[in-house]
Each structure stands twice: as C-alpha cells, then as structure tokens.
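Two complexes follow with chain A in common, the first pairing it with chain B and the second with chain C.
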Partner chain A sequence: MSNANHPISLISGIVVLSLLAILILGAPFLAPYDPVKQNVTERLEKPSMEHPLGTDRFGRDVLSRTLHGGQTTLISSVVALCAALIIGLLVGLTAGMFHGSIIDIILMRLIDVLLSFPFMVLAMVIAALFGTSLIHLLLAVVAVWWVSFARLTRSVVLHAKNETSFAAARVLGATNGAIIFKELLPKAISPVLILATFELGSLILSIVALSFLGLGSQPPAPEWGSMLADGRDHFMQAPHILIGPALFIFLTVLAFNLIGEGLRDRLDPYEKSEL
Partner chain B sequence: MKKGLLACLIIVIITLMGCSNNSNNNNTASTGNNPAGTKDSAGAGSGPDTSDKADAADNKELIVAGQEIAASLDPVKPLTSSYLRNIGAAEALFKVDAEGKVQPELAESAAEVDPTTWEIKLRPEASFWSGKAVDADAVIASLERSRSLDLQAKPFLEELSFAKKDDYTLQVKTKRSHVQVPLNLSYYQTVIHNAEAKHDAIGTMDLTGMYKVLEFSPKQKMVLARNENYWGEKPVIQRVVYEEISDEQTRVLSVLSGRSHVALNIGTTSLGQLENSEEVSISAAPAANTQTIYLNLRKPQFEDARVRQALSWALNREELVILAAEGESIPVTTWLGSNPAFAEAKNAVYTKFDPDKAAELLDEAGWAQGADGIRHKDGKPLTLRLMTWGGDKALGEALQSQWTRIGVKAEVQHGDYSLIQTARESGDWDASIEAWSTFGDELTLLTGQYAPEGSANYGGYKDAETNQLLARLAEASDGAARHELALQINERVAGQAPVISLFPRPQITAVSGALHGFEDHFRQFENVVNANLTLDSK
Partner chain C sequence: MFAARYFGEDTFIMVKKELETMLQITNLQVAYRQGRQSVRVLDNLSLELRQGEILALLGESGSGKSTIAKAVTGLLPPSAHIGGGTLHIGSTLRVDMDMAAGKGRGKGRGKGRGKGKGIQWEGIRGRGIAMLFQDAQQALNPVMKIGAHFRESLLYHRLASPDEVKPISIRLLSQLGFLDGERILECYPFQLSGGMCQRVCLALALCLKPAVLIADEPTSALDTVSQKEVLDLLKITQKELGLAVLLITHDIAVANAVSDRVIVLNKGVIEEEGDTRAVFSKPRAAYTRQLLSSRSQIAKPSRERESSHAGEPLLEIIGLEKTFDGKKRVLHDVNLALNRKEILGILGGSGCGKSTLARCITGLEYPERGHVMYRGADISRLRGKGKRGLCKHIQMVFQDARASLNPGRTAMQLVQEPLQYMHIGNKGERETLARFYLHEVGITGDLLSRRPPQLSTGQCQRIAIARALVLRPEVLICDEAVSALDMSVQAQILALLQRLHKQFGFSILMISHDIRVLRSFCHHIAVMNHGSFSEVKRASALLHESKQSYTQLLLRCAGDMEEGLY
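Let's turn to the complex of A and B:
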C-alpha cells in the first residue's frame, strides 16, 4: 500500500486523526448540547437537523456525547499507553542491561506470567474487589500492557550490547545509568514508538470493550464503550444511537493503524530492506 | 409422457420430504421423557408440532413461552410448584386475587377460632388427577412433605402444625398469635400434591389442577391436556404448551410471529417492537415490589431527617418511570404502595414532585447552595454515592440527574451485587437500590424492613414510634386493625425517609391478540392460565 517515498498510510492516518482530534478536543465548543443534560421529552429521537445523530433514552444528544466521549476514551487510552510505555521501557532496559542476572530472570518470568493472563479477567477481578471506575480499568490495562514494550526493549538492548558503541562506553568507564539512558534508550525508542502506535489502536478497542462491559467510566460521563452498551438496549427501537460511537471508534483505530504502518515503513530498518 | 414422469418425480420427492419431517417430529416428541429417564407413553408421539404457527382452531392449544420452565415434576423441588401452578397443573388451599385478597382455592373457607388456632374447611368435591379425594389426611401429608423437603416452603409452614378435625376439616395451630394462615397457605410453595404418589414421572405424579401433564422435557417443554375430571370450572382451551425460551428477543419474536400466544418476562427495551404490533398486546401489571433507595443513616449527611426528606421530595417519579421503566409502571411514594391491598398508600406523604420544598428543607438543615450549584455545610459538599446493579443503571442515572438539580453531588456506581454487599458489610456506602416484595404478612414484611434487627434494615433505621407501632401490629387481632397499623407504620417510615420509594418493578407480558380472557396479576409468574381463556378460531 505504501513505501518510504510515498507514505500514503502515514499521511492518510495523520489526516484522519487530525480531523478526529479537532472534533474531539474541540467538543466543548463544537458539541451542540450539554452531553449529560437529560430531556425526557426528546428521548430516542431519530437523526434530525437539531440532533444530527439523534438522542438516547435520556433525551441526550448523541453527537454531543460522542464528541465528549472521545475525550474520555482517547485521553484514557493515551494515559494508559504512556504509563505502559514507561514501565515497559524501564523493565526492558533493566532486564537487557543485566541480562542473565537474577533480576533479568525474575522480570522475564513475571512477563511470562502476565502474557498468559487474560487482562479482561484481571479487569473484572479489580472491578469486583475495588469497584468499577475508569481509574481501576486503566490500572488493569496498564498492569498487563507494559509487557510487550518490555520484551521489545529487552531484545533491542541485547542487540545493542553487541555493538561497538556499547563496548566503547564500557571501556570509557560510563556508569550503568549513563549507558542505559544515553546509549541504550535512544536505540530502543524508535521501535517501541512504532509498536506503541499499533498498540494504541488495540488499547482503544480494549478500553472500549471493558467500558462496554460496564467496568469503565461511570454515569453520566460519556464514553464510547458505555454508549454502545446503552445503545444496545434500544437497538431494535433506535439503532441510530450506535452510529456515532461506532463510527468514531472505527475511524480512530483505523487512523492509528495507518500511522503505525506508515511509521514502520519509514523507521523500521528491516522493513526498508525488504522493500 | 415426460411431463407425467416429471410430475411423478416431484410428487415422490415431496412425499419423501414429508416423511422425513414426520420422522423428525416423532423423534422430537419421543424425547419428551420424564426426568427419571423413563419414557412416557402418553407423551410419545402425541406432542404438538410447535414448529408451526400456534394451532388455535377450536380453542385447541395455547402456547406459552417462558424464560424458564421446571427442571422437575416434583412440587417440592425448587420453583417447580411455581411453574406447575402458573400453567394450571397445581393448586394450593388458597389463592391471592389480583386485588391482593386471599381467596379459597382447594379450601372452602377458613376461620380463626382463637389467636393461635384456625379451622380450614376443604371442598368435598375436590380430587387429585388420580381420583383420590383431597381430604384432610391428604392435605396434611402434602403440607408435611413440603415442610420436610422444600426449604422454600419453610417460612410459610414452620410456625404451623396441622391436625385432622374431620375428613374435610383441618385444624391449624400457630406458634404465635394471629398468624395469617390463609395467606401462608396461598404461596406456591404450599401447593397440594398427593404425598403417596411418585412425582418423578408423568404417569405417577398426582396433582389437582385443571390441566394434567402429558409430556415433559426438563427445562425445554411441558405439554398439558385438560383434566376432564377437574373438580371446578373446566378450562375452555384443551391443551397448553409451556416452552422454555431463555433468550428474551426470541420470546418476543415468537409471540410476534404467532408461534406463541403468551411471552413472559419481557424487558422494557423490547417494548418498542411490541408497541408497533397490531397482533400483540402488552400486559404490564406492576409487580408487588417497590424499587427502593436504601440510605445509610450512619453517614453524617443522612442523620438529619430533613436531608432524607428533601431527597424524596426532589424526585420526579413520573419522569423516573418513563426513563427507567419505559413508562410501564406507576409512581409510588411509600413502600407498601406497590401492594394492591394497600392501594391507598401509593401516593401518601410525598404527594407531588416538589423541588422547592426539597430546597427549603436543605436550607433549613444548613446545606447552602454554593456558586458551583453544589450544597455545602461546614465546608463539606453534600455528596451521595448511589450503588446500582443489574438492570438499574438507567434508574441510577435518572436519579443522579434529578438530585443534581437540587445541589446534591450525586455519583452512580454500577456493578455487581456482591460489591453492594461488601460495601454494606464494611459500612462504606451511601445509598443502594433494591426491590423487596411488599406482598405477604404485614408484620413479617415491616419488621424485616424497619425493625432495628430487620434483615433488610440496611441503613440502621431506629425509631421509637415505628417500633411501638410494630409492637402493636404484632398484637393486633383482626385484619382491619392490622391493615390500619401497617398503613400507619408505612406512613411513619415514609415521613422519616430512611428509604425512598420510587415505583414497582415493571412486569411485562406479551399477549397475542388471538387470546382472550388473559388476566393481569401482580404475581403474573403464577397466574398466566385461567379457565376462561379462549382463542380465536382463525
């Protein structure tokens, strides 16, 4: 679909994401109605000039809720991704740096355990123990999501340790901290960022799925997953309720996947050599 | 010639296909065995083909689609008696009518001889399917069997002891005074069955109802035929099929397509489909339970009764019924209001939606509204975390919105019921929603809810006047006095507002336009079939 010279994926992804970002971040100014204000006289209205995406069972404007809901979904996804990225980088750098040591062995076994643990179940356990909230959902997601970043970082570090620059740094007496942050981290950043872009799409879908199950943000906060869950109850009566959140989820995930693919085309040396 | 051969070939193919279908149907019918695994001769091959549209010709067959049917034929097994009674197979000594009044069923009459003794006269004409008389010995044996084998029957029978006075008169002794024996003996857990019979097969089970079980596939289908020797008014419809269709949408489609005549337990979200149908009507008799907000009175903000009263005045219950129950219920402002026997309690105390009064009460209690719209007292905001579960998420959101309008910072936490239980045990909760049954013995119900030791007194409500009224209720001898005292307690509690009553849970049944004589009942789950049901012949 694309190559380094014609990054169609990257450009189209950025365009779609930019449009979405404008709509979502500009929700306080663009949304025509208060997303949480109930209006019993206008419930389950079909799309019209007043309500382009109709209204839900509480008479709330679906378009306004979709735009505001995007903030909750996107911001929480980005926060979760950043947290997972930082943890993953730190763990991966440490494990790679001290390859073969007891630290490495413990961290790798922990990763093996987490990789085999379904995060949906973890999220449900956390919700059952501490209650349902967006914070608890993010904790569950981050607790599992850092693993893939840690593994990638560790493999990059192991590869980098065979390079002459690493040996030179050692010979020159650089401390472990200096080697990790000045020598290894810059090398790990680029592949990890490419992975992060792809992971963001999956992360959004996962957060939406958990919110759909009622484990995420609580009423009346709009959120795409919970909007889909609420709309499902009225699917036969008012299917239009689902259009807004479903379309925005689709476009957002598509945009991140296109950007991820574009970035990989540009930054991944193996991908370049294949081309 | 060729045309003739082709026609013959087509006829042969159609005939073969028809045989194949018949053979499938026969196989299906023959799988309708009893739970013991013994094949029932009456059922084999005689079951109706429910894959076709409901056959209503000459009132032949009524098809009822339920969310669940019995897993067993024995009335002492969990919920079996409920399903058997619902479909006209089983009867108890008494029955509660749609107005909430206890009426004789297998009993002819009942009288309180003294505070701890009742005499129940039985109908001499009543008999079991086997022809055996429903006499005092048979009734006592049945009730004793239920008492010893059915845990669910215990609450209704544990205080009672039975003795035969004569062949058709039963003497019932009670441990405490003025127990409402007829009410206790009206619950489905006390249905009368022949205790000498084996209730593990169609051929041996022995009940008294207007319909006899013909075919039974546990948790799938029950086919019943009219009991031609029934002691009472014989039903018009000859046969009833009771099918388990666990998926709600399938039940809706079943009744919309004409495959079933009645679909039970329809959710409010399916109403849109049914409302547009000309063939199906909706029966939505409110159930005798009240959606109630239980407040934790140990929390400082709810210690002041004025705050609790304000929360109740601030609720627009009509709007709540529309938003949370799709309009299929009625607002009630006091707890007993959902019980048809206490219809006068529906709109007592909180006679109208009055947000101004709510604001006034909060001002009086020292909760002043700040610039952010939230009320504060001593620098603390007026907060309320409402815990909801199951299908009450929408109700929680609607309540949150209404309380926010009077300056309460309301939060809704929707999750599993276990979370609410855990929160209650730890004391870390503000409010939660539950819907307890409001039908039954007044003293038991009200003590459970509002006595300090009551099992449903979650919020720790302690009120001397309420306790005094409960003590008087325990001593009250006649029905009218008990009724009056129950109303007084109900009103007192509503005034103190440890709980806030909203509306009875909607109970929706879809009924085909071809079926006539269907009766709405606040306990619909055991009152679907009656003798006067008829079906259109087309």
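Let's turn to the complex of A and C:
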C-alpha cells in the first residue's frame, strides 16, 4: 500500500528514473562503441562480452545505440510535454475564466475536433506536408497533447470560480489577469502536474510508435522507435536486438507512472483525509 | 468511578432516574498526528448517556466534541491515534477502543485478540449508534431518491421485507411532520430544503431503532425557523421512543432548548456537567460563565445609536429583480436605502435571497431589473474598469473567512493585495497602510507573517476585515460575517466592527439569519422573506412594533430557544 507517509511508488519511480537518466545522459562516456559506426563483419551477433546486447544488421552495438537513442526519445518527449502543458494551461485558464463566452465556445469545439481526429493520421498528414523529421513529429504530438491539459485546467478553474476566494478577489478589484495568475493558476498547477507525469509515459510510447512507423528521426541516428522498426525484419534470427530498446521503453514508462502515482498520493486534495 | 463522582454531587438524580446506561465512554484518549508532532485532543474523557435523555455536549471549535462522535462511530481520520478507552453500548456490547487504533501499527499490542483486525463497526453503526450530521443534504446520496435511502437501510439491516419498506417509511416520515410522505419518497435530496433533509435524516436514523442517536451539530447549518422545527421534532420523537441522544453543539441556545443534561467541554476536558437548567442558571465552572457572558454580550439589546439621516441615502436599491436560469426568482422588487454611517441589518432565513442581494450590490451578479444607486449613480450594470473602481467604495466580508483568503499568502501580503490592484502608493506606503489596518484589527507581531492555515478562523476574519477596510470604503457589506464563528469570537468580532465603525465612519450592511446578532448591532433591521423586504424597523423596536407574521415567527423561534437563559 502506498500513501503519503510511505511513498513507495514515488521513491521507487525516482530511483528507476535516475538510474535511467544516468545511463542515458552519460551515454557518450558509458557507451562502449560509436552508435552509428557500422561493422559489416559483425552483423547480427548474439550478446557477448564485447557486445552485451549483441549487434544489429549493420554490425552496430545495440547497447550503445539504445543509450544514445534514449537521449533523443527522452529529451524530445520532455520538450513536447512542456509545450503541451503550457499551451493546455493557458487555453484551459482562458476558457474557464471566460466560461460561456464566445472564446470558451470556440476553444471547446476546437478541442472536440482534435479529440475526434485520429492522432496517427494527423502525424502522417503533417509528415506528408512538411516532410519527415523529429521536429515535425513533435509538432504533431504537441498539437494533440495539449487537449487533455486544457480540459483538466478548465474544470479546475470552473470549480475554483465557485469558491469564496474568487468572489473575494473580484470584490477587491482584482483584474482578470491577476485573478487568473494569482488565484486560479496555483489551484490548477498540482492536478495538471500529476496528469503530466502520467501522460509522459504514453507520450513516450506515441513518439516511439511514430518513429517505428518511420515518421520521426531519420537513420542512421539512433532512436528507440526506429531501432524497433529496424529490428523488425530480423527478429526471427536475432530477437536480442529488440530487447535493449524494448526494456528501456518499458522501464522509462514504468518509472514515470510510478512517479505520477506517488505525486497524486502526495498532492491530490481528494485523496487526502482531513487534518 | 464516574457514577460515584456524579451521585456525590447531585444525589436527587439517582432517586429520580435510575435508568439503564445506553452509552458509556471510559477514559477515551485521542491524539492527532500533525507532521511529526502529536496533538492530544481528548484526555481520559469519560461520559455516560442514560436511556431516555438528551445529553448536550457543549464546546467551542477545537474542544474535541466532534472527535468524540467520530471515535465512538469509528469514523476518525487516519491521522488520529486512539490511546485507549472503553465503550459500552447498551448493556451487552463492549468495545475496547485501542483495538481500533491504527490498524497496522497496533498489531504488536493486540493482546492476542483479533490480530489487529479492528472493530466490527458494521454491527455498531446504524443499529447500535445512529448518527445525524451537520450538513444533511451532503449526508444523503445525491443520486438516490429518499425512498431508496429507506429501502437500503431497512433491507440491509433486515428490519423489513421489501413490501413493508414503503408503509414503514411513510409512517416514519409522517411522525416527523411530513404530511405528504409518498411524494417525499420520490424526491431527490437536492429537491428538499436543508431543514427537510435533516428531518429525513432523522427518520432514516430512527427507522433502524438505534440504541443511541448521536447528533453532531444537527441544526447549525439551518436558519432559525427550521432549526426550531428540527429541534422540536427531535425532542418529541426522543420522548416518544425513549431514545438516548448525544447532542453535540456549540450553541448554548440549542443545548438550552432541548437537552436534559449538559456537559461543557473545553480543550478535551470536561469543565462542568449537570442538569441543563442548573448549569445555565448557576454555572460553577469559570469557563461556562465565560461562554454565557460572551453570549449575553452579543444578545444585549442595542443602546440608542442614531445614524445621520441628513441628505440623500448613500446606497439606494430600487425595484431590484434577479432570476436564476430564467425561472427561479430570487429577488423580487427589492427596495432599500442605506444612509451614511448607518448600520443596517438584513434578516432572513436561508434561501431568502439575502446573499444574492449582496452579490448584486458588489457587482458579482447582474440584476435583471431595477437599480443600485450609489451617491445618485446607477452602479448595477457597470463593467470592466468602472466596476473595478467600485471596490474603493463598497467592500465585502464573507462568511467563510478562511476560504476567502488565499492560503499561500501572509497576512501582510493579503492586506496589500487590494492596494496593488488599485495602484495605490509605492511598496513602502502599502506596507505601512497594511500594518496600520492589521494593527487596528488586532493582528500584530509574528501573526503578520503567518498564512491563513496557521491562523484561527477568528484571526482570518480579522484579516479579511482589515483587507476590506484598507481601501477606505464607504459601505461595508458583512455577509454572515460572524455566523461561522464561536460565540466568544463572535462577540469579539462584533465589538471590533463596532469600534471600527465609530472610528472610520463607514456604513455597514449586516446580513445575517441570527436575530440576536442584528438586534444588538444594528440601527435598523430589514426583514427579508422570499426575495423581498417585508418590513424595515428600528432594531430596538422590532420586538414590540412588528406586525408582520414572518418577523413574529422569527422572533418567537429565537425567543423560545433562549427561554430561561438569562
């Protein structure tokens, strides 16, 4: 059982994530080989002392590629998440503050459209229009991902508007800006942050999935999704080349979900009992 | 041990009522964990509730009175730690309270019994001890009809067959004054008023024929009229059924109106106990005397204080109408005038529209028709900058002081807030002003840098008053500003408002459901009923002159409950 006094999930999540971060960010020093250097004589080798996770079809070291690839995946998903978070917060605050006005209606219908539009198709459309690159992939992800943050923020704001402190701020002559940033934003920030840690997991999975489809970073740069795609053709003969990226994806998503759960136990006002 | 102490002092009670003990609490100890510290709330508390009596547990907030109720029903939050104590329910059931203490950690000391399994509360709650909560509307399940509540309780406890549920519940409802029980069973809780919900809750509690009924502030959220109604019903049914009732309250008038015996609780310790009449007419403990005196201080009829009547009124409300959702009419042709330096009280039950009126005056709501004239200009439809400018003239203090303050800011920052919004002064001047007004309301020293969660409710209300006054408004609207406070704090805040009023000379619009507060505090009282004013009278004359039946009803309800208190 995990609760605020014994934050098991929070601690274990942080421990796993920091280990991963050390491995991934330290890749230039820790990785035994150059991730893009090909060595055709050592194609599809089984795990050994020289290559702990084996080599891929061009003879590149899978471990080195996994560690380096993590940089691309992790950094791009964190950047995408931050962008989505900020857009979502701003949209949600605006829509909630001017609830029922034309701004609110337009924003909410836009959200409805985005929610009903298949995300993968949108990413492919963007790739088709602007060409495939990591930046375009991130644009597609952000364009869809802010929606959940906006919805959550708006509902928190609508709730907070019924509270006495909101009426008090109005009576004291607070401007709309002051109310949004001093009264409403602090109330929205903790639920949104909790949601963000959960979303980061699925965001990583989506980026990986899109890269797997060939929409993200282009070869020979290592990336977990494209590594999985690479290994697809050879996994009957050499299943080990999938293990590295798959294991790291699994651990990263798990770590973020654990942290999300721990944070919710800590911060969520509804889970906390009185006193 | 307990009995010996009791009989030694009032021997006649032993002769008069030698009745079965229904609930006995012995040496109950409860502490709350707060961070690393543990705060002791109840210290070796013992009490005894006998059959057929109403025992009032009287205490201010923080006295531990609700903790007792939660402890005996097993509803304490996880942060509570029960140090020990025994509970006897009826003549047969005995519960060791420390078995319920912190399930996981108690394992080692389980003395071989139960292996830390805790108490089987399901067998106690409902049949053994039934509970009545403060907010009846929230105690009921909002998505279940009243009939379904009865069905659930009766069938779960196997007290009726499915066919019998309806007649039983209708009979119970009619006992509690519902003539149209059948219609009530088809209602959802939100379709009933607060007073009706509390009566339904009482019926639900009674349908299980409990040994003991614990009522935790059952009428504090109700207005005077429904308060009286619920209390009368409680008393009548209790007498009929010979029920043992533990009534927890902060209100001396409530304890006085219904209880047979009273226990005065202060900081987890029993200060005094005895026959209700005896305790209130000849209080022995200093604390009881203090409670009674702060009460009479509030209720003292006002001295003649005349407001200036010269010139046109400062604030005038003409034909104000407000409807919600196009159908529910809240304000209907409201007319009112507030003079300079006048204190005007608005008296009304819950749902009469008095808070909506306050929100219309401060611009939080827009009225459909009518005008709010301030110094001859209509302010009811101002928007944007004009409306924000209004806050220099009209300010408001809310009922829930703590909720009206941003919990993240210190007292000093909170009071400077309106000055920042209005761009008044530079940083140094703002600080001086804030310090001055906080000093005026009695917030000084290290309290200045504390945040609302670290302050008492009374202190929060003082800060809210300072924050309202820092812009030097001409009109201060107090929306039930003292209703949520303890009696002694209420008296302090009212005295403070009176002093500030004399010093700064603003007008006050005092909204309350409590006739005592208004009678002592206001020059005039306007009585509001169903969205309009039925009359406006001089405060001192309201009692004698009023011919309105609604005012008379309010006065009678308040008067009945206070009978014999002075």
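In the analysis below, the second predicted complex is superposed on the first by the 271 of 275 C-alpha atoms of A that agree within 3 Å, B and C clash if a C-alpha of one lies under 4 Å from a C-alpha of the other, contacts with A are read in each partner's own complex, and residues count from 1 in each chain.
Note that contacts are C-beta pairs under 8 Å (C-beta built on N, C-alpha and C of every residue); 3 or more make two chains touch, one makes a residue touch a chain.
Only a predicted model underlies this, so the values are computations on that prediction, with no experimental measurement involved.
**Q** Figure out whether A:183 sits in contact with chain B (first) or chain C (second), or with both, or with neither.
**A** In the superposition, A:183 contacts chain C only.
**Q** In the overlay, answer first, second, both or neither for which of chain B and chain C A:28 touches.
**A** The answer is neither, since A:28 touches no partner chain.
**Q** Please indicate which partner A:239 is in contact with in the superposed arrangement: first for chain B, second for chain C, both, or neither.
**A** neither
**Q** For A:58, is the partner it touches chain B (first), chain C (second), both, or none of the two (neither)?
**A** first
**Q** Is A:131 contacted by the first partner chain B, the second partner chain C, both or neither?
**A** In the superposition, A:131 contacts chain B only.
**Q** For A:163, using the defined touch cut-off, is the partner it touches chain B, chain C, both, or neither? Pick first, second, both or neither.
**A** A:163 contacts chain C only, not chain B.
**Q** Please indicate which partner A:175 is in contact with in the superposed arrangement: first for chain B, second for chain C, both, or neither.
**A** second
**Q** Looking at A:43 after the superposition, I want to know if it touches chain B, chain C, both of them or none. Which is it: first, second, both, neither?
**A** A:43: touches chain B, not chain C.
**Q** If you look only at chain C, which of its residues touch chain A in the complex?
**A** Chain C residues touching chain A: 32, 34, 77-80, 359, 362-364, 388-392, 394-396, 398-400, 403-406, 408, 417-418, 421-422, 464, 467, 471.
**Q** Can you check the complex and tell me which residues of chain A touch chain B?
**A** So the residues of chain A in touch with chain B come to 36-38, 40, 43, 57-58, 127-128, 131-133, 214, 218-220, 230, 233-234, 236-238.
**Q** Tell me, which parts of chain B touch chain A in their complex?
**A** Those in contact with chain A are residues 269-273, 319, 322-323, 393-394, 396-398, 400-401, 411-416, 418-419.
**Q** Please give the residue numbers of chain A that touch chain C in the complex, ascending.
**A** Within the complex, chain A contacts chain C at residues 163-165, 167-175, 178, 182-183, 186, 273-275.
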